[in-house]
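The block underneath contains the structure these notes are about, expressed in structure tokens.
Chain nomenclature is as follows: A, B, C, D, E and F, assigned in order of appearance, with residue numbering initiated at 1 for each chain independently.
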Amino acid sequence: MKILVINPNSTASMTALIGESARLCAFPGTQIEAVNPSGTPASIEGHTDEALSVPAMLDLIRTGETRGIDAYVIACFDDPGLSAAREIAAGPVIGICHAAVQVVTTIATRFSIVTTLPRSVPIIEDLVASYGAGSRCRAVRSVDLPVLALEADPAIAEARLIREIEAARDIDGAEAVVLGCAGMSDLCERLQARTGVPVIDGVRAAIKLAEGLVGGGYATSKIGAYDYPRAKGTCGLAQSA
Amino acid sequence: MKILVINPNSTASMTALIGESARLCAFPGTQIEAVNPSGTPASIEGHTDEALSVPAMLDLIRTGETRGIDAYVIACFDDPGLSAAREIAAGPVIGICHAAVQVVTTIATRFSIVTTLPRSVPIIEDLVASYGAGSRCRAVRSVDLPVLALEADPAIAEARLIREIEAARDIDGAEAVVLGCAGMSDLCERLQARTGVPVIDGVRAAIKLAEGLVGGGYATSKIGAYDYPRAKGTCGLAQSA
Amino acid sequence: MKILVINPNSTASMTALIGESARLCAFPGTQIEAVNPSGTPASIEGHTDEALSVPAMLDLIRTGETRGIDAYVIACFDDPGLSAAREIAAGPVIGICHAAVQVVTTIATRFSIVTTLPRSVPIIEDLVASYGAGSRCRAVRSVDLPVLALEADPAIAEARLIREIEAARDIDGAEAVVLGCAGMSDLCERLQARTGVPVIDGVRAAIKLAEGLVGGGYATSKIGAYDYPRAKGTCGLAQSA
Amino acid sequence: MKILVINPNSTASMTALIGESARLCAFPGTQIEAVNPSGTPASIEGHTDEALSVPAMLDLIRTGETRGIDAYVIACFDDPGLSAAREIAAGPVIGICHAAVQVVTTIATRFSIVTTLPRSVPIIEDLVASYGAGSRCRAVRSVDLPVLALEADPAIAEARLIREIEAARDIDGAEAVVLGCAGMSDLCERLQARTGVPVIDGVRAAIKLAEGLVGGGYATSKIGAYDYPRAKGTCGLAQSA
Amino acid sequence: MKILVINPNSTASMTALIGESARLCAFPGTQIEAVNPSGTPASIEGHTDEALSVPAMLDLIRTGETRGIDAYVIACFDDPGLSAAREIAAGPVIGICHAAVQVVTTIATRFSIVTTLPRSVPIIEDLVASYGAGSRCRAVRSVDLPVLALEADPAIAEARLIREIEAARDIDGAEAVVLGCAGMSDLCERLQARTGVPVIDGVRAAIKLAEGLVGGGYATSKIGAYDYPRAKGTCGLAQSA
Amino acid sequence: MKILVINPNSTASMTALIGESARLCAFPGTQIEAVNPSGTPASIEGHTDEALSVPAMLDLIRTGETRGIDAYVIACFDDPGLSAAREIAAGPVIGICHAAVQVVTTIATRFSIVTTLPRSVPIIEDLVASYGAGSRCRAVRSVDLPVLALEADPAIAEARLIREIEAARDIDGAEAVVLGCAGMSDLCERLQARTGVPVIDGVRAAIKLAEGLVGGGYATSKIGAYDYPRAKGTCGLAQSA
């Protein structure tokens, strides 16, 4: 099966990192292709960055539909454009926040999330609540570093992540911790080893769920909200619908 | 004060209708400018249409910031791009669904919403729930007509709207009804007169709230989630932040 | 338009302060009349004080209906008697807590409230939850001062308010702060200037919403729960209904 | 022990009926006193009727405190003034809606409520939700009769109650039904016998809980929200507190 | 009336302690029988201990039905097997957590719970939320002692309980505290006296509610979820149903 | 990898059916072992049946831990004993209701569930709500047939399932339907083909998730609520812990 992993931002080095994380966990028969659109923000840190990334991301999905992609993973923890992507795709589309929440609620009763900047905290809180896991999420914590600093300054990033993971366990009562940024996926194993706390990376969670959904023959329902977009023109040239 | 009313779709006749509704209810000193982006879908009927409309809509707001706009109204009932718009604007940004919910919960304890297509029902349900009014909203009903049919086939649209408004009152126990599409705003008065049920149009609701917010000196908080977008490049050319 | 601002307690100096705050923010054409009932508690600090204030407040509304009042503002942060007032009034009735919540959720994603006494904290928490904003309200904080001490001891009051507003921003992650007492309305501007945090006063919020609702032609729905009270006698002398 | 059952409306025949229901279910050692204030509305059908009944009801509690009352039951299904009453009383205060909800959630997983007028439906829905039983309450139904018609027209009342109880069982999936008006308490046994559905009357529920709370030595907490009202003047003559 | 109090674990000394607490608060005419199954875990500290205790506990109820038991109290704060027990019993079945929540929400607006081990915290949080009191429960605290240490090391247990009760009042803003383990019931009076905080023991709460339910003639509804278990075989030998 | 699928009831023919469904969807490298305990009820239709099945099911998991089982699936739609099982197992434990909810919320925004007997409806509603999907689940419907009738009377079962699936789509607005009983898993494909509605069987959903969780290296967190049960005796012979 072919899974297209889309990093919605335009930082190719992060796409490479995400692709590597995805390939490391995939089943042997799974083909992972990791891409990013061009022209989108270099990182996604807020609603505007999300909004500016989605149309180009949807184009990648539209193209994917013509070349046999079985499932899509949106590799940004805000799950930008997830519902729109599901309208366009026939197969399953997985957001890494949604996937991480599904995994962590299967292996723990309470968890915390550690993300990059404080401004993303309410975004993630609302997202987790919309997935029905608000009461299981003890806290969304921030390391107060921009997304690209994870790569630029890995030692500081790791030190702060460890501090927050330990605080999640000791102060929040978290039984597991979710990494709240796709750019942290390469640190997952080491953070778990260093802290002794189960650490969930959304990229891996999403790959494993995507494989299962494709393997199980599941497709996005085309009844109702995720039906294909209605054909229509732009610029006031309305088409028949 | 200057209020920029943005119809995110690209159907100019709908923009004109919305602008007319806005001007009819504005205070004398309020300047209403109604615009739509070009190149966006002709109507917004689902998540993809929303996603494809937002970047161009944000451009209109960015330009608005340079020419003295005091507040913005997003005139699509899905409130697309509302949070992103708030990051960009210094002044208030109002979504017509949010505004309608604020008005209707001030004048009634229970309400229903009537929208266009069934596929919009879950979108609106989730939006209303995110505004905290889920338990006050009896039902989101649909007339099963595309957005552009409101204009193309006004007699059928009106007949179906009356039927659903009466059902909202008689079956749902709604004390007031919200029109779930900006393109219905010209029908508001007549529907209320025909049914005897208080009918709320989000365009008018948003104009009146926008005037109040500007008049009260309220600005979007730039602490936290609605802070201005961080400066950054695209295409992997990361900027300092 | 005429807006009647009712301070439900019987402290005339607080009524004057509230009236002044209301007039300062009103549009030129708006007539503000600020009144308080006589015989009600000197301040409202708990459910009993609320209950003892409401009947006399409703009398003021009943009288207001006979002399052309367009909208009413209940200027106590517990919003006492709000639903009953809506039954009596034809036009809109606004509670200052409800108004402040509507404004703050338009300009910020997370907020805290600072009130007077600790005993009011659960009252306000429940009220905010009933308005659907429970998940957006980080905390209800208290300065641990009685209502009348705001006037009697303004320096201490201001110092404690600043301390709590800063704690709201730094500890709670609040993006804006709501003042949880009508008697704080004169401090709003200074607190915002001193802390750099957007500070919302419910009196101003309510005036601006009331102007908008009247300007928009909105009336309280008389279908269902806010219908006029049924005519009936007292003391067992039942009337026809 | 002495329990004061207060019918907040001023219809003495309803007070007698309620007192009779209370005495029939009380333990031998329990003294039931049923009273109503004078000057309050003849029935409670909406928020205004509630508000107008509470101050006189609180006076009855204040007097009760001086003459050895152990617990109070507020015998109106809207539980008007419940929190205020708890501030005044040292012992427990029980509302009949709260009591009925406690009983029914102990003996059934899903229930419906049948009340008098449609305008009371949202009031009761909100009340039940505030007691945390919103998801267990299938529906609040109405017989569309005023409170006093229960007494005036008992045959019609009973026929409609039976119809609604059966609909609750057959359509709502209710496993038990709560009577949503104190004036229905004399019908409880017969309705249960006629329908085969467990029927809960709030008056009885409240008496049994009140006996248990007094017997268990429980008193209203005077820490926080239910502390005694602060001493204060009226008419602007503020007292030290 | 006869109330069977079942300690689901197999520690006879704890059963004796629970029985003593029950008898101390019962009305004169109430016969309390306190039992425990044999072969169940010595204490209940987690879901497995719960699961292993329930079948034997249900046997005690099945036997109770043949010998005139009027109501059952499950004396473990996790309320294990409560719904199953209600299927088997004709009369009411009370869990001590459910009972304590009912009592505490009648006498206080906000409360905290103090339990034994940290691993029980999420269990109790979920239980309280399922009873609809999640928003009234400020915190579930733990003394970090196993259940049996309450008896083995009473001085340490009491010191830690006092510390947590005071923290509940001072930090959480709790107006009352619930003891989160049946094995703490003998300490209730002393903890309340030592701290000045109303302290609720679930055993006493359950006895008083059970007496009231039996006295009120309430029985478990046999319509729907609490109907008697359907007759059926085991080991694949299906019976007619 | 080895997945142990446990049918908690003791009907071997149902275990065979479930095992067949599991094997049909498993990846080639996955070994499926389907078992049932002996001595448990022939079907699970209510809380008592659940409770009586869990201890023997936990024994199967305890044994599984000694013989290299990687993950467990509990193949009853009530997810009985799920939390207890997670305490005992090192690897992941999946309940078929939880799995089906995870799958369906990935491919649809709204769904309904069709189960066997009406008495299971509130059980499943509460379970789905505890998984955070209450607002996405339109309805839990029942075919009003006992579990074993699915096998005994397949034509009637299929006809009623089709009727309810179509009602879910047409009346509830469901975009997909979940089968609410493990014994329906063999009908999944045919029901989907017959109705055109995406139909989710929990057995398949659970197998695919289990494979993903094992493949991703996920284990049950042993911090907090899912830690191994504490060692302890029974019958009052307390062990050191």
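Note that in this section contacts are C-beta pairs under 8 Å (C-beta built on N, C-alpha and C of every residue); 3 or more make two chains touch, one makes a residue touch a chain.
In UniProt terms, the chains line up like this: A, B, C, D, E, F = Hydantoin racemase.
Not measured: the values here are computed from a predicted model.
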Inset, instruction - Indicate the lowest number of steps between subunit B (Hydantoin racemase) and subunit E (Hydantoin racemase), counting one step per move to a touching chain. - result: 2
Legend entry - Shared interface partners, meaning chains that touch subunit C (Hydantoin racemase) and subunit F (Hydantoin racemase): A, B, D, E
Legend entry - From subunit C (Hydantoin racemase), the most remote chain by mean C-alpha position: F
Legend entry - Same-interface partner of B-C, chosen from the options A-E, A-C or D-E, over half of the pairs matching: D-E
Inset, instruction - Could you grab the centroid distance between subunit A (Hydantoin racemase) and subunit D (Hydantoin racemase)? Build each centroid from C-alpha atoms only and quote it in angstrom. - result: 51
Inset, instruction - Could you tell me the distance, in whole angstrom, between the mean C-alpha positions of subunit A (Hydantoin racemase) and subunit F (Hydantoin racemase)? - result: 27
Inset, instruction - Would you please write down the residue numbers of subunit A (Hydantoin racemase) that are in contact with two or more other chains? - result: 83, 86, 109-110, 118, 121-122, 126, 134-135, 173, 224-225
Legend entry - Chain pairs in mutual contact under the definition given at the outset: A-B, A-C, A-E, A-F, B-C, B-D, B-F, C-D, C-E, D-E, D-F, E-F
Legend entry - Touching residues (chain side subunit D (Hydantoin racemase), partner subunit C (Hydantoin racemase)) in the complex: 10-13, 38-43, 45-52, 54-55, 58, 81, 83-84, 86-88, 118-119, 121-123, 126, 130, 146, 148, 224-225, 227, 229-230, 232-239, 241
Legend entry - Touch list for subunit F (Hydantoin racemase) against partner subunit A (Hydantoin racemase), complex: 25, 27, 83, 86, 92, 94, 98, 102-103, 105-110, 131-136, 169, 173-176, 197-198, 200, 204-205, 207-209, 211-213, 215-221, 223-226
Inset, instruction - Can you check the complex and tell me which residues of subunit F (Hydantoin racemase) touch subunit B (Hydantoin racemase)? - result: 109-110, 135, 173
Legend entry - Parts of subunit F (Hydantoin racemase) lying in touch with subunit D (Hydantoin racemase), wherever the complex brings them together: 118, 121-122, 126, 129, 134
